[in-house]
Structures are given as C-alpha cells and as structure tokens.
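Here's the structure we're looking at; comments come further down.
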C-alpha cells in the first residue's frame, strides 16, 4: 500500500463524510442525459424535505417532460399530472389536504406553454403550494423542440434555423408575469450549474416550503438549467452557453419576497 | 322516510354531494348545469361539512383538480355539460388510467359544437365507448328523475371507490332543470384522514415510514407492463359487467314489442307504453340505468321473447348500436330519435314503434 | 498548524462521465477515466487526490449525485 | 287526478315561482309533481314558461305538447300557447297588455286581472298569487290551505313574513276570476 | 413515376402537406409524431410554397387555429398523438358542427392516460364514434404504409373539402416512425384568394358588396333549427357512406375465414394470410381503408360467404363491434388483440384465428 | 300643428342628421339586456370599420359569452369561436390571410379564465390582430357567476356572500399582464357608460386597426362595462357602481402605446 | 346671433327603456314614457325637446343605437 | 429474396443510419424496404435498434420477433437479440466492449471489429460503414456499388464530400469480417 493510498483510506471514513446522497433519493439511477440539471434539482428538493423532516407530509407532482419519472427517484408520495396540469392537481390536493406540503415540478413546455392557464390561475389564486420550474429553453423529452422560453435565434428541432421572433414570438418570461400577481409570495430565479448557485437554489427551495407552512401564498422558483441533448452541446459547453446566453435574458435573483413585495 | 323537497335535478346533485360526505367539488359554469355549483355556493359547504368548493378557471383545470384530490383518496366530483365534457376528455382518460375514483356529471345539451343548450342524449358514445384515447371505460349511470339524480351521487361514489374507476352520471338538460319531489337522505360524515389511510392504502397522503411511497400515474414505458396493466383494466371492466348492471323493466313480462330508452327518453316511453297497453298492444320498456355496464344479457334474453325492439333516443342513433350488439340479429332493432334539443313526444315514439316494428311484422 | 484535506469517492458504475464536476473543482482534482464503465461512460476519478480539500463543489453540481465527499483536519 | 299545466308570461312576473308553489302544494297534499321550465339565454328580458304536472300517480313524461290548463300572462304567450290547450281544457289569462284575446271556442276561457288587482292592493309582488288563487278556484286540484302551506315551504326563512299578504292574494284571486266563455260541445 | 424517397411515415405526411398545396399547419409536439412539424420546419414551407407553419402553445390552440383558417377556406391541418387528440375533442366537434374542411392526423400511442409512446389502435372508438360531444362523424382514413401516409394527405383534404367535413388520418406509432419507399407527387399550387372565393363561397374572406356576410358557427339556439341542422349532417354522413367507402381485399374471393384488420394490424395479418394459405387454409383479409364510412355492406356480403371472422386490433376490441354490427349475427365474429404498445405477431394472430374461428367450426 | 311641433319638424330633416346607427350594424335588434354595454361597443366597432372602409377586409371572431351572437348584428364576415379560443382562431386566420383585419371580441370569462393561455400566447407572439375585451366582472351569459375579474367581496351567483379573495383568489388584471409582453403594441383600458368615455373608446379602436395595418403587433383594448342583470341593479345604478367600484380597481387609460412602450 | 338647437328621434319600438340616456343629457331632455312598447318596455321620449342642443351624448351611450340626433343652427 | 435484419447498439453508433443506407441501397436495386426503429425516451443515452427488411415483394409485417440476421454492436444488444436470430441465421457483431460472446450453435456467427478498425483508419465516424461492408460480404443482398449509391442518397448535400471515405470503409468492412462459427446442422 503506497503512502497516498494509505492517506486516502485514512480520510475516507464514515466520520469524515461531509457530503452524501440524501436518503430521500431512491437507489434508482436517473434516466437523464449525462450532465442534465434535472438531477441536481431533484437532489436539492429531497435534501430540503429531509432537512425539514416533512417526508410524511409532502406530496409532489411530476410533470410530463423529461422529469416525468421523477417519482422513481423521489422517495415521497407523488402524482403524475397530465402535460401542463400539475398546478391543477396541486390545487385539488392542497384544498382537500391543507396540512400537507404540496409542490409541482415542471418544465418550461409544461408550465409556460400548454399549462399557461393553470400556472397563471394557481398563482393568481395564491394556492399555498410550491412550484419548481425548470427552464431549459427547450422541450427536452420530445426531442428538442422550441419552448416558449427558447431564446431568439436559438436553434431547436422546430426552429432549425433559429427562433425567428417575428414568426414564433418572443421568449416568454413567465416568472416576471407571475411575480406581478398578488397571489404569489415568493418568486425567484436560480440556477444549478455552479456550486454557489446550487447553494442559493437550495436556500430558495427551503424558504418556499417555510412560506408554505405559514400559508403565505404560492412560491415560484424558476431554475435556469441546461438541456445539453436538446441544445446539441457537451454538458460543460451547455453550461457555459447557459451562463453567457440564458442568464443575460433570464437574470438570476429574487423577483419578489414576502418581505418586499 | 326522509325529508321531502322540491328540487331541480342540478340542485339535487349538489345537495346529495354535501350529504354523501363528499370532500370537494371543482367545476366551471355552463348551461344547463350551473345550478350545481350555484347551489353548492349558496349552501356554504365549507361550513356545513368542511367540503371544498372551487370554481376553476376552466373545465380542464377542474377535472385535473379532481384528479389530484382523488389521488389522495378524497371523494370529489365535477360537473359540466357537453362542450365542457369534451374538454375534460384528456383528464378523464388520465383518471381512468390512474384508476382513481371520482364522480363526473354531464348534463347533456345538443351538439355538435356550441350547438344548443336544450336537452339531448347525443353524448352517449362519448360516455360509454370512451371519448378520450386508449382502452378504458367509465361506469355510466343514467338517471331519469330528480330523485335518481340525488340517489346516483352516492351510488356513483360507491361504485367509483369500489372499483377505483371514474363514474359518470349521464343526465340531460331536462332532468337537470326539472323540479320534482326528492326524498333527502341523512348527512353522512366525511372520512377522516385516518379512515382514508386505512380504506385507501393506495392514496398519496404522505409517505410514512411503515409503507412504500405511493405513486398515482398512468405512465408505463415498457409495453409489456403496459399491456399487463391494460389487461388488468379489462378484467376490472369484466367484473363490473358481471356485478353492476342495473336496469328497470316496465311491463316486459308479456311484452311482444320492446322499447329501449334511458333518462328523459325513458320517461317519454313510459307513457307510450301506457298508451299502447290501453290500445291492447303488448309493449314493454327496458330502461338501462347503467349504460356501462350495458344490460346486454337481459336484452339478449328479451330478444328471444319479443318480435322487435325500438331504441328511442335524443340523438341520431347511438345506444341502438349497443342494443343491436346485444340482440345480435335475433330480431329487428330499429331506432327513433329527435335531436338538437327536441324531446320526442310520447305519441311520435309510439307511432314509430308501430310503423317500424309492430306494423313491419 | 491544521490543514483541511479531502477525498471524493465516485460511484464509478453510476457516473455518467458528464464532466461537469471537473471545471468546478478549484484544485483540478478530477479527470475522466480512459476506461468505460458498463454503461459505456468514461467515469470521473481523482487524478490528483492530494489537492482535494473536500470543498464539495464537485458534489454540489454532480447531476447524478454519485460523488461522496470526505474531509478531515490534518496536522501539517 | 292528473293535471297538466303550462304557465307563461314575461320573466319577472313570477311565472316560475307560481309553478313552484303549486308543486309544493301538491307535495303537501301527497301528490306527485314535476316542474319543467323553459330555460336558456332567450330568457334575457324575454318570456318565461313552465310546465307543471300534478298527479296522483308516478309521472311519466315531464315534457308535454298539449295541456289541460294554460295560464297566460302576456301577449307573446297567448300567441304561443292558446293553440296547445287540449279541447275541453282551460285557458286562464290576465287581460293586462293583451291586445288579442283568446278566440278558441272548444276550450273554457277565464280571465283574472291580477295585475290590476295587485296594483289596487298596492302589493305588486303578489300578482302571481292572485293568479294562483284564480286557477285553484277553477281547478281545485289542491286545497287552498295546502297552497298556503306550499307557499310557506317555498319561501326562505327571511321571507316568511310575507306569507300573510300572499295568502290574502290567493284568496283574492278566487274571488276576481271570471268566466269568459265555455267550451262548446260540438267543437 | 414520381421521385422515390425513403421516408418516415411522419415525414411523408409533412412532405405531402407541402406538395398538396396546403396553406397551413398548426401543431404541438408529441411523440411519436413530432417529426411532422420538425420535417416541415426543416423544409421552410414559407419559402417553398408560402405555407404557414406555427408551433402552437397547446393542442387546443392548434386545433382552434385550424378552425379559424379553415373557416377562411384555407387548406390546413394539425397532427398529434392520443393525449393531444383527446385535448382537441372540443375543437374537433366545433369544426364538425361548423362544417369546416380540415385534416387531423392522429399517430396513435397506447393509453389510457399518459400510457406509452408505443403504437396502438386504441383510439378507434374516439375517431369513428365521436370523442367529442354531439352527433357528428369524422371521415377516418387508416393508412397501412408510408406511401398511404403520403397519399392520404391529398385524399383527406379532397374528401374534407368535398363534404365540408374534417378528415382524420388514423395512423399509429409504427407507421409514423417506420421508413419505407415513397413515390412523391408533383408540387400543387396553393389556391389564390380569388380561387378560394370562387370555390368556397361560404368562407369568411371579408364581406364584399355582392354577397351577404358569411358566418362560421355551430350555434343554434332554436331547437327546431338545430334539429334541421342535425338532419342535414346525417344526410351528409349518409352520402359519405354511400360514396366513399374504401377497403382492400386480400384473397377474399374464395375465403372461408376472414380476418378484418386495418393499419399496422393489417400488415401483420397480410402475412398471417400468406402463412395460412401455405398451410392450405382459405383465409382472406379485409382491410378497411375508411373506418368511417365503415365497409359495412361488403362485410355483410362476406358474412354470407365465410364461416367466421376475426377482427385483429391493437386494442381491447373496438373495431370488432363495427364488424359485428355489419355481420348482424350471420356468422361468429371474434376478436384478437394486443395492447399497451405491443404489436401482435403474425403467428399469434393466425393461431387465434385457428382457435376461435377455424377450430371452433 | 302647434309651434313646437313645427319647429321639431323643421329640425328633423335629413340634412340635419348628425347621429345615426351605422350601416354596418344589421337591422336585427340586440338580444342584450336593457342598458348592457355590449351594444355600445358593437356600434363603435362597426363605426370604425365603416369609417376606415375596411368591411371587405375584416374578419371578426365572436366569443362564447353574451356576445355569442355578435355576428347577427355586425354586417361583416365572422366566425364563432369555442369558449376562450377566439385568439387561436384569429391567429389561424391572420397567419393565412395576413392582409385582412382580424379582431376578436371577448368577455372576461372567455378571455381571462378558460382562454388565458390563448390570450397570453397570442399577445406574446405579437399576432397582428386586435382584441376587444369586455370586462363586466362577471359571467353574464350563464347567469352571473364569478369571473376572474370579479371584485373582492362582490356578489355573484357562485359567490352569493361576496368574493372571498382568500378562497377564490384575487381579481385578475390580465390587461396589466399582457402590457408586459413585448408582442403587444397598444394596450389600453376604456369604458362606454359616459359620452366622453365612448369617444375615447372609439378613438382607441380606430388606433388599434391602424396599428394592425402597420403590422405593429397586437392591440388589446379592455372595456370596463356593466352587466346590470348579473349585478342585479338597474342600468343606471350599475353604471354608477361601475364608476365607483370597478374603475378604482381597473383605472382607465393607456397602459402601453407604440410611442412609449 | 346663431344658436344650435337639436332634436332626437327614438325608435320607440326598439328602445328598451334602460334609461342610460337620461342622466347623460346635460339639459334633462329625456324621460321614460308611462306607456309600454310591444316588447313591454317604457320607451324614452323628449319631455323637453326645446332644451335639446343635439350634443349626441344620449346617442353615444344608448346601448341599442336607437337614437337618431338632428342638429340645426337657428337664428335667435 | 426477403431478408429480415435487426441492427442494435448504443445510440450514437450510427445504428439507425446504417439501416437507412441499407434501405436506400435496396431502393436503388429496385427492392421493397422497411425500416422500423425502436423509439422513445429510453433512447436517452441508452440503446437504439432498427429492424430492416429488404425484399423482392411487397412487405407485409414491418415488425418482427425473429430475424435472418442480427447486427449487434454492444453487450446489451447481444443480451437482448442473440436469441432472436432464426435457426440457421446470421449474427454479426463488433467485439469492442463485448464481455459475453455469442454462444448459440445453431446460427452462423461473424465478427467485424469495426470500432478498432475505424480507430486505426482514424475515421471514427465511418464505424457503421465498416459494419455495413462486413454484412454485405456475408449477405450480398445488394451490390456494393448500390450500397455506395444508397450512401450518397442518404447524405444531405453538405455531407457529400464524405462519400469517398465512407465508401472506403464499406470495402474495408468486406475485408475484415471473420467467421467465428457455423450453424451446426443438428441444432
């Protein structure tokens, strides 16, 4: 045994473990593409639920999108919504089980295209739920078609020559819209491709669940993420592209907090 | 005997929902059934029983709210009329696919499209064959009186929970708007969370340490498993067909000619039968109460007894196909119907029976 | 003087070789292996374990939660 | 007994609630009843009508094309329903605003000027109860006291104080109804 | 002979749309048919022919965009797969009720609910009986090859405009995803505004002084008029049933046993027939090409010739009802099917025929 | 003939006619309740189309709502949309007939409840159409149920004890939302219960059609109106109530003009 | 001196007696008739025609477009 | 002639385009063809396969459970499809990454180490064309020159310059394929 190996073995001991996968993630390997941000958000969500010790009180809603199988990974009770309808399911659940924590997990196609009405109205009613919104600027699951959030000139399988805003409309900042509605209490935009962002995102998720407990209204957390498959880039290139192109258009930060509405 | 009230069919539905101990109603207004949500709102169900009431932003939102709450083992319902029911089709097939119990009321009006707000039975196919995609069935109850509107709420919920399957009450504008005497039942308590957890261990009520997580879904990517699931559904529908067929027979014992009609049409035909009997004609009426499961077996038996059948419908001829499938060529099966919101008259239905079935023999 | 040193353990069979852990490591500890795992991915490993401080950056961004991080104070 | 009635007039004349009270009276007296309104957006400022059936037996069809009695409260309804009274049946109408009086000779025609009477009594809202009284005079299918019971049942708690004035109106109706013509046998 | 290409069924649809001179496509992505819109986007139809292409915010928006453009006499279409088609049901019945011509493609996947993305035929009832409310019918074409995917676009549009009725192409994931040799037709020009005005005087193209205003609607508040309209529709469907039935017969001349199957299932059964014939069994295949109108008459005739029929479907048994209705008890009609995205194999279909029909005799 | 009558006859002459019903309204009497604002807006729309002389080039979309029969009154080509889908129809029409003028006429239930997604996305795409949005705070046609725009504590047949915002959500200012979207060029809120408002509304409608011609994007005109039937008031009381209750919450004026976006 | 005077003509059969023309008239010209029209409405009429200036206020707000307005300059 | 083939490997190995070029070659040679891929979200980083049929006659079922030839390019596919080769049929595989070699004795087994060869030729992208060449050597159902024609047809304009190197790969494939074992008659 060489010295380095010995040292390593000395460090890799239970008492020195500072980071491990949360127990609330199942053993099932994610089906996501290598480098996809969905996995990070899944983990953060489960970490928060573990830390708040609310597994027994939480019901999650999976969307139709790449994260359609989220319930395979999250060790909590979950329901699978029809495409875009997660906020309606969440409303039905929260209204009949007001003591539970209810969250939806939705993509940009799901939340900002087909589900626009459900998004706007659940936010407007101020349902006491948490919406986790993964904005990867594309329809990942169905093979990379344009999403409402696809940037100008960005290529996708339905805009192979780039999104022509005159023809296909503008990228939609739905988060800015819902921030305007009195029913939302906390609206924020985060990311997960850098460690600092990851830490902030986790804090935001935790806050959202706390506000839910306090019945303050709807918390809406947009997470700008990559879809390296859909974007046809390597994961690291995708994250760079995200930083340079998505974030200028979708700037990170809180749009609304209960403290300053 | 319970309290007697004079109520509209739609009001009876609302009152029955509260009294059956329902946990929630989610709906969007549409004529001719808006009285359901209006009556509920006037009744303050939150105060009476703690039942949730929400006017959704659309029919689609409403049916998906039902999905969510039903997934938690809650007793919930929605109601609408034809165009709104068409919008709910995706949600309905999801609910059927996720095997959730719930109650859906369709107070049918004339179509297609915006059509008319007058009563119709032209959503028969949509209800019994499946207006949504995929192989599934609703349990379909067809009330023909305000009392049945009231009674079928509880019956519908019971069947829904018994089979984990959505139940539809297929009514129409006439029954929804009509007032009749209704005997009102006792107030049943809503289930507590503990009771729900015990009775419906599949419900998503929050994963406790003592059980695996519950998942409500209709997704299955592996075709082999999906097919297994489809077979499980078929098996369930077979059981329902075996155990839950309901119908009423009016003067069928010695009938030589049979009218088959449900809902409002059955009310009409009941009178046609009276008149016919007065004229010495041996006419009977079979009124299917469950449209799915359809009283196939009984109709097939009656085909050995009668000389012909007439399906009377407020449609261009939908149920008649199920009657024919049941009869399988044994005797002639004809159809008489009116459309567009027009209710056939007693006299014309009888006249048609005479022309097509009695005379034709 | 006490210094903090760390190590990571990658579940090489579950690692998808996406490489997003690499640029976030402040000390250039990680690299993708030449070898595949059974899923056909070049998994991550510590090419430079000594440099690791257990800062957890890699684990925070790992999409598949396949990195465990250990940290220990060592006397220098 | 099986009485098939159409009641028709302007929206706002209390057509629907007249029918409802009649049904309640029937229930009090142990009868079967159905009340089937016209409905729809044409109600917007337009006419309203309701078919009421009171019967000793289970009622089959609640939808009818011919009636034993038509209670008619405006000209449009007269135009629409006069022809639908069964030969030998009854037509009861309020003369207010009627420009073309009923012409059939094969039915019994009665007039109850309830609008004028209500104005005279300074209780415009009791208009429909005067009509009801008139009807029950002609067709005593339920007893007057049961009609009053029906009225009570149909009014919500907060309107119970209106029972006496409406009761008076019902009795008044029985007094002011006049026979105009009797069905001629040969018709 | 036109140019030969190797194409996916979905791509063939897109190419055929452009070449048929279509004016627009409105759709929302869904597996297994997203290649339709993707192929269109890659082809820049705006530049090739001026055809409009728009990815809508939802299936509901897409079908209503089709409504709007179709109301102007434009040749427009949409495509989706099962859940998306369920969402379109309200729009579809509005289009049928407003008597607008358009083309709707359903590349069916397994259901109910989210189900699976693998091929299925379980939307048969929805397509032919009417998944939306009210009495209406779509013209339903069932291609069984990529060439037919291509050809039925033009056929579908022609029928739609001939009868002012929506046409559905009922395909499935297998045919949508499969590549085959396709003979490509000539580019047809799009109609000019003048031509549209002449050919489709009902279209809302702007009211000129020389005509009354045009109104596209399905609303009729007077039941009498609504019923007249319903009767007009029925009359139209009758004409369609008279004139537009299409089917293919494979070795039916001397058949003693008949398989009935459409689309992918028909491809399977074709091979079953070959095998059976090799074994000396006189088996034939009737492949309905139009599902509405259904080849009822021909099947009824064949019932006089054969000893029994087997309906082979990728569903729990839907078309079999129409076969039974056509046969009306003359000979036994059985069903064999697979579900959940599984395509039955040639061998098992034949085995089932032997067990249920041939052996049973 | 008395003097006054003679004078009147002298004035009532063709050459002195200064106001008459536009020819583009048909002879059919409106089915609306006495005092309902729909009629005024119908007239203004037709006046504008007459004055711009674009009858031959205009296609209108009627909603499902009290104005469902708008095509009986407007002497132009029209289509009847399904409830909430008018902007989708308009999109289909305008995209295939870009030279035509296309407008939708919609109520608050139609546009801001069931049609939310179509409204947001047609605005976001910047379809070159005009949306006329009648906000009467209620579902008129179906008998006075709560609309998304129903005010707090306002009574309706589904909120017989007043709209409880905690339970039923906040009145939705959808006009403020669409004003945020880059696809809209002109967003304004008007009324028609006073002569001065009527004049302004007409000007706004005219502007909208001009912008449409210039392909500047979507014009969105909200008109705060009464539903005296649904509100259970006399027409004049309803208009007073509107002035005192609706307008403070829905203030009149331009929210966005092409000049200052 | 020239003064402007006006008159309105109400289509009394189409008028629905909603009365919204009444408060907007600056000169209190209009009133609802005691009589009904055949639809059952108390229609509007000029109780005070001399005061009318033809300002069109009433016509602008009339929901049923049943008011015609005439205006003429007269010498005083 | 009726040849039923399954081609299976990782996504990204060019499985689908191999099948496509084979089909194009068939079309050039006047044959009927079908190409039926597996599809779905499981493609996400997973395996891909396609069923190809080349035939002299109209092709009935495009979906098969047994194959004349299986072309197998990774271990998962070996596990899945080895058993589905018809007795007497052919299995062709690339040994790269294969941990369990085929074991059946009733089929003909060939090995074409295309990955290694492509790496050697420094044209990794031609991997699948080497496999194609190998297949056509074993099963000359279309002529090599028609395979090259098929290749040309399947490439868009902007990739036509890649034809020569791919053509070379096809020919290379015919050279390096090796027979491993022959179906034993008794099997």
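Just so it is clear, A, B, C, D, E, F, G and H label the chains in written order, and each chain counts residues from 1 on its own.
As a working rule, a contact is a pair of C-beta atoms (placed from the backbone, for glycine too) under 8 Å apart; a residue touches a chain by one contact, two chains touch by 3 or more.
Worth saying up front: this structure is predicted, and the values here are computed from it rather than measured.
Visitor: Counting one step per pair of touching chains, how few steps separate chain C from chain E?
Guide: 2
Visitor: Tally the contacting C-beta pairs at the A-E interface and at the E-F interface, and name the larger one.
Guide: Between the chain pairs A-E and E-F, E-F carries more contacts.
Visitor: Roughly how far is chain E from chain H, centre to centre by C-alpha average, rounded to an integer in Å?
Guide: Between these chains, centre-to-centre, one finds 34 Å.
Visitor: Find the geometric centre of each of chain A and chain C from their Cα atoms only, then give the gap between the two centres in Å, rounded to an integer.
Guide: About 25 Å separates the centre of chain A from that of chain C.
Visitor: So, what's the distance in Å between the C-alpha centres of chain G and chain B?
Guide: That pair's centroid distance is 55 Å.
Visitor: Please compute the C-alpha centroid of chain A, do the same for chain F, then give the distance between them in whole Å.
Guide: 39
Visitor: Going by the touch rule set out above, which residues of chain B reach two or more other chains?
Guide: Counting only residues that touch two or more other chains, chain B contributes 31, 54, 57-58, 60, 83, 90, 94, 98, 113-114, 117-118, 217-219, 221.
Visitor: Where in chain C do residues touch two or more other chains at once?
Guide: 16
Visitor: Identify all positions of chain A at which a residue touches two or more other chains, and write them in rising order.
Guide: Touching at least two other chains: 32-34, 68, 80, 82, 113-114, 116-117, 120-121, 141, 148, 168.
Visitor: Using the touch definition from the top, list the residues of chain F that touch chain B in their complex.
Guide: Touching chain B: residues 64, 68, 80, 82-84, 113-114, 116, 139, 141-143, 145-146, 148, 157-161, 167-168 of chain F.
Visitor: Okay, in this complex, where on chain C does chain A touch?
Guide: For chain C paired with chain A, touching residues are 5-7, 9, 14, 16-20, 22-24, 41, 49-50, 54-57, 59-72.
Visitor: Within the complex, which stretch of chain C touches chain H?
Guide: These residues of chain C touch chain H: 16, 36, 38-40.
Visitor: Applying the document's contact rule, which stretches of chain A touch chain B when the two form their complex?
Guide: So the residues of chain A in touch with chain B come to 55-59, 61-62, 68-69, 71, 74-82, 85, 88-93, 95-97, 100, 117-118, 120-121.
Visitor: Would you tell me which residues of chain B are touching chain E in their complex?
Guide: It comes out as residues 60, 82-83, 85-87, 89-90, 93-98, 108, 110-118, 120, 122-123, 125-126, 129-136, 217-231, 233-234, 315-316, 318, 321, 324-325, 327-330, 338-342.
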